[in-house]
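The structures come next, written out as structure tokens.
Common to both upcoming complexes is subunit A, partnered first by subunit B, then by subunit C.
After this line comes the complex of A and B, so read on.
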């Protein structure tokens, strides 16, 4: 599975039109139903090479729900804006930390 | 003084890595995708905006040989997204840095100049003297036109940089003043002026990106 290619398990005759939000591999137990003792083996079955495709599927699921419907509202833009603000706040936090002390001096 | 400009610093808090430049790519998340046969409302809005821009730039480029407007419309898109997202708190303004703006303006200008001078040398030389110049004035006009041509990338970049920095700085200074002020009248005056400045910043953000792309279009049309 390379960049810009279909996943290896995708078969147009079986699955129909390609949906970038769908996982086409062998289905595994959803994380919500994994027993506590099985968490280690469940995590062992994941591979770090599948992370980019997982992120891509998450992005497309978000797109399907919020940006692609006929009547989009302002919700996805607000989500993006607040997400971006939080992200940049977090990565700049150590530069902003000293603002706590502003009330103690002028 | 260091605190006023620390919002323009691209180094983030994590080991001083310049992660803040990621805000340049943030605009890409806002772009509409078309998966279904029926596009979304946002797709329609974006497409109509781009359509207006394409038509506008097509008129500016005239009936020359090369009338591709895609580059200028995408230039407008990246600048408008960066400028608008800057208005949100904590998000880094990449277009307030000369590095970013020069890397947008300089390649454009150099490519136009090289193409024009190598391929249409006579045409470009003729452009150096505007229409209707009195005879004795011509040498000085050539000097002036050469100078104006040479500083174009500089003006293009510095205009955008200065506008973004100035607006952002004004808002920061006003907010600093509001924080340390007491007294309801001064506070409400500052509040109203800050809201007005924010509205101005919104307008400036969009206008400046438009100006940048329109001017690059004009510089391109001069070559042909």
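After this line comes the complex of A and C, so read on.
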């Protein structure tokens, strides 16, 4: 699957209009239902190559849920702001560290 | 070569186009293998997902509820914040207080103006949607009206067929009249010619007869000699004398 292409499993005749938030392949067990001993094999079935599409689906799920409904509120913007603050805090943490007020922490 | 390339790209683009067309939700071109149960047509929700405190999804609290009860997630948040603060992972430098100030202002603004802005925006959205819905509705109505008009004109055209029949009959009558006129014309013309022929024949025989008579009479007259005339005259006298009464 390259850029701008549909997933290989997507068949418009069966699935209808393409929903970017949906996974059209064969669903695996949800991570919440995986037993501790099976985590290894579960992770083994995942691949790095599937990560971009997974992120894209997550983004679209968020869009459909918070951003695109008709009567959406301020929540998605707050979420974006909080996310941005956290992200920039994390990437700047090595510099912010020098502003600590206390030498010892318990 | 470029044109061929363009043609090829067009051919490649075609199946995609067909694919898009077959995904249409209209009943007409819905394919038989379409799985509506597992893959229903996506619908735009009206209300967004529920959140608490402006940004935390409701699901987060539901996830905590069976294990910790209602206060669990809040306690988790407070505990996490306490941990971050006490270990100074969350460093309280000058920007932190700026952040708190901004947060207070935002919360105040949302509490104060949120409802009004939301109502205004909802109204705007309803208006935009109303324009499109009205456009669609009026399109459907006008097309329906056009169909009605078309049906009416078809009905009128059916009425025209009666009129056409009457016109056809009229023309047939006219044709019949003209035909009969011509027939009479032909008859009279033929009769005239035949009469002429008859008259001609009659005249011919009359003149022939007359001529014959004249000729015979003339030739008889010329054949009478003066001697014959005299003898005939003498005979006449004799006859007259014989006829005359004896006693006179």
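Just so it is clear, the second predicted complex is superposed on the first by the 101 of 106 C-alpha atoms of A that agree within 3 Å, B and C clash if a C-alpha of one lies under 4 Å from a C-alpha of the other, contacts with A are read in each partner's own complex, and residues count from 1 in each chain.
Keep this in mind: a contact is a pair of C-beta atoms (placed from the backbone, for glycine too) under 8 Å apart; a residue touches a chain by one contact, two chains touch by 3 or more.
Remember, predicted model here, so these are calculated numbers, not experimental data.
Student: Quick one: on subunit A, after the overlay, do subunit B and subunit C clash, or do they fit? Just give me the call.
Tutor: On the superposed model, which is not a single observed complex, subunit B and subunit C fit side by side.
Student: Quick one: name whichever of subunit B and subunit C touches more residues of subunit A.
Tutor: C
Student: Thinking of the overlay built on chain A, is A:56 touched by subunit B (first), by subunit C (second), by both, or by neither?
Tutor: Once the two structures are laid over each other on A, A:56 reaches no partner at all.
Student: Between the centres of subunit B and subunit C, viewed from subunit A's Cα centre, what angle do you get? Round it to the nearest 10 degrees, please.
Tutor: About 80 degrees between subunit B and subunit C, seen from subunit A.
Student: Between subunit B (first) and subunit C (second), which does A:102 come into contact with in this model arrangement: first, second, both, or neither?
Tutor: both
Student: Which partner chains sit in contact with A:16 here, subunit B, subunit C, both or neither? Use first/second/both/neither.
Tutor: So A:16 only meets subunit C here.
Student: In the superposed arrangement, which partner chain does A:91 touch: subunit B (first), subunit C (second), both, or neither?
Tutor: In the superposed model, A:91 contacts subunit B only, not subunit C.
Student: Mind working out whether A:69 is in touch with subunit B, subunit C, both or neither, as first, second, both or neither?
Tutor: Both partners, subunit B and subunit C.
Student: Please indicate which partner A:79 is in contact with in the superposed arrangement: first for subunit B, second for subunit C, both, or neither.
Tutor: second
Student: Minimum C-alpha distance between subunit B and subunit C after superposition, to be given in whole Å.
Tutor: 5
Student: Considering each complex separately, which residues of subunit A are in contact with subunit B in the first and with subunit C in the second?
Tutor: Subunit A residues touching both partners: 64, 67-72, 85, 96, 102, 106.
Student: Of all residues in subunit C, which touch subunit A in the complex?
Tutor: Subunit C reaches subunit A through residues 19-20, 22-23, 25, 31, 33-36, 39-42, 44-49, 51, 54-55, 86-88, 91-94, 99, 110, 114, 118, 122, 125, 129.
Student: Using the touch definition up top, name the residues of subunit A that touch subunit C in the complex.
Tutor: Interface residues on subunit A, with respect to subunit C: 12-19, 22, 64-76, 78-79, 82, 85, 96-97, 99-102, 105-106.
Student: In the complex of these two chains, what residues of subunit A are touching subunit B?
Tutor: 20, 63-64, 67-72, 77, 80-81, 84-85, 88-89, 91-96, 102, 106
Student: Residue numbers of subunit B touching subunit A in their complex, please.
Tutor: So the residues of subunit B touching subunit A come out as 6, 9, 12-14, 19-20, 23, 26, 29-30, 32-33, 35-36, 38, 40-42, 85, 88-92, 179-180.
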